[in-house]
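In what follows, a single structure is set out as structure tokens and then discussed.
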Amino acid sequence: MISAQSVWEDLVKIRERSPLVHNITNFVVMNNTANALLAIGASPVMAHAGEEVEEIAGACGALVVNIGTLNPQWVGAMEKAMLKAREGGVPIVLDPVGAGATSYRLDTVRGLLAAAVPQIIRGNASEISALVSAGTTMKGVDSSLSSDSACGAAKTLSAMHGCVVSLSGETDYIVQGGRLECVRNGHPLMPRVTGLGCTASALSAAFAAVNGEAFAAAAHAMAVMGIAGEIAAREAKGPGSFQVHFLDALYRLREEDIGSLLRAGREAA
Amino acid sequence: MISAQSVWEDLVKIRERSPLVHNITNFVVMNNTANALLAIGASPVMAHAGEEVEEIAGACGALVVNIGTLNPQWVGAMEKAMLKAREGGVPIVLDPVGAGATSYRLDTVRGLLAAAVPQIIRGNASEISALVSAGTTMKGVDSSLSSDSACGAAKTLSAMHGCVVSLSGETDYIVQGGRLECVRNGHPLMPRVTGLGCTASALSAAFAAVNGEAFAAAAHAMAVMGIAGEIAAREAKGPGSFQVHFLDALYRLREEDIGSLLRAGREAA
Amino acid sequence: MISAQSVWEDLVKIRERSPLVHNITNFVVMNNTANALLAIGASPVMAHAGEEVEEIAGACGALVVNIGTLNPQWVGAMEKAMLKAREGGVPIVLDPVGAGATSYRLDTVRGLLAAAVPQIIRGNASEISALVSAGTTMKGVDSSLSSDSACGAAKTLSAMHGCVVSLSGETDYIVQGGRLECVRNGHPLMPRVTGLGCTASALSAAFAAVNGEAFAAAAHAMAVMGIAGEIAAREAKGPGSFQVHFLDALYRLREEDIGSLLRAGREAA
């Protein structure tokens, strides 16, 4: 089970080691993702050319593959990078953005999963559900389901691929094999800011770069996301100021913030 | 004629229905555009791959096509999406960013207009003028003309294509057939922030998704842009803080804000 | 030697003339770069299609080529634009982002330098070193070297290509031929925000557009970056609020701010 102590220890490691996180991610969130990684102390690099992804994936601490704005050239580079990361023992986080929105996205995620299994799949309830039952479609990239209702799908997906599934929502569910961890931090403003799910995936990679236990890394990342979100919301007047305070909160996060705010355990609230 | 009441009613519908807005837009503004749509209550999706644009355009509430950073692959996807939207009765907003800056942009916009007429063309004075008289060139994407001087071009463009033309500037002119609406809200800091024109196009699409009358939708969007801009400017110390307050203002906008600030009518000030 | 007076005079020229700055730059920073250029008074345009880069590069006041997220199509357009700019006497700033991170980046920069020499190469210590000695690799895009240690490499690179090299870091070194200028402004939060190096390159282009002396333009840009950074840091609580205040500071920068804060000279501190 995660604890304030275990979250804090990983955060300190990120700040000390500044792991290189390779992101092949969507155009909408590249800037936010890079800034969130810098704010927690990691070193982000964005690179998607087939000519260079293997060299970077082979040298980084963790790889994030996010299909938010995909096309065939990018998908080819994603596969190359994942194979190289797998080969070198570099942890991979896969973010199936909008997987249920088009058959192209669904097919792409299935192809990537067939090529190389990631350590962590992080998605919202509609995305995780779409990966398990083909009939579950979604409109766009926002979830229309509660995370509670998709917890079963997360378990199924984890069993299918033998990896951690990190299902985010009002309660975050981190599952693997028979293990389940719930994180109940966060704030209603968070889904009103684009790309905070993508940021969660990037932070999961930063934690996976310093913690070989992917289950713990995924849970620690969701805890830090939620806690920083709660701190940011205290002074936010809307989604604009929330984003500013969120980066500041990630940068300033202290052990006592985690100790006083963490709400995690093996069961939802 | 638009009224505070009609603007507010559409805004409430956006917040209640959270329409899916499909954006094929430029790299510079994707993040802002998505955040502005989320802030007013819509659900943005960015997708540009030829493999998936039709599926999304067919399922969305409105489509935005913005040529700010175009290339041939993207232009092909734009045309596909516009044809699909047209077929399904999905309203389209076309933003001819920098149309007068290069012949490639001008040719692209003409090609898109020949393929499928949008409900709304929204641009600045130089862009609208360039679409009407080929001799009007512009340097880059910022307008060198006042919107007052381009009002005639907007009428001509509207007559040429039988669609609404939303011409933004110090005064916004919304024209269609013999109809004219002026919105005189806004603030001088707005052109100092990149992509607020693109945001105006995206918000026009959100309004068009809930209001079948494209003329009213375009005018309501410009009113909300300008009013949120005035509120944001009250506390802004420059274009950085302006952007933060602008998203907060879109999110918090109340009926009384619109009632007290709206300056619209059939004539410029 | 640069002075508060010379920095201020160029800044006034940018505000008065609003030079068009053509950016072929990476996806991560496009928005920031455009906003920073608007904040100091320039007019940014982002365009990367082979179909239009020559038309824009031929009409602009300065060209920025930044390889932060490159691929073969973009590199082809960069070369086209650089050749056109060279032909028309338009100053070019080249930013070799992550040059030492992959052989693809290094080869690309060398190819661009062989095609057309820029007026200014601006990079961090690892990037400048990698361009001089092939054995210097870097992890990702952040520098692992101090700028002090790379000053020799900057001189060598400048001599190799006969252009200004602007080496940024705790102390910025601007070198050309036997000339050296040090700028010691800035703040430790700056490397915690993504793309401020890219912003420095874009501002260098804005200054080069109004000052035919590339050495002075490069130094003035670094001075403005560092001074705005110090002003922003006064009120910043972390990298989120820093970014907001930074744009505001660029927009509001006064002659007396430069006079009281500039720390520049021919030697490091």
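Things to note:
Going by the order they are written in, the chains are A, B and C; count residues from 1 in each one.
The criterion applied here is as follows: a residue touches a chain if its C-beta (ideal position, glycine included) is under 8 Å from a C-beta of that chain, and two chains touch if they have at least 3 such contacts.
Small disclaimer: the values here were computed from a predicted structure and weren't measured.
Interface subunit B/subunit C: under half of the residue numbers present appear on both copies, so the contact uses mostly different residues.
When the CA atoms of subunit A are superposed on subunit C, the rotation angle comes to 120 degrees (nearest 5). Taking each chain's centre as the average of its CA atoms, subunit B and subunit C sit 33 Å apart.
Of all residues in subunit C, those that touch two or more other chains are 27, 31, 243-244. Across the complex, subunit A is touched by residues 18, 20, 22, 27, 30-31, 34-35, 38-39, 43-52, 55-56, 59-60, 73, 243-252 of subunit B. Here subunit B touches subunit C in the complex through residues 26-29, 31-32, 68-72, 98, 101-105, 139-142, 191-195, 236-241, 243-244, going by the rule given at the top.
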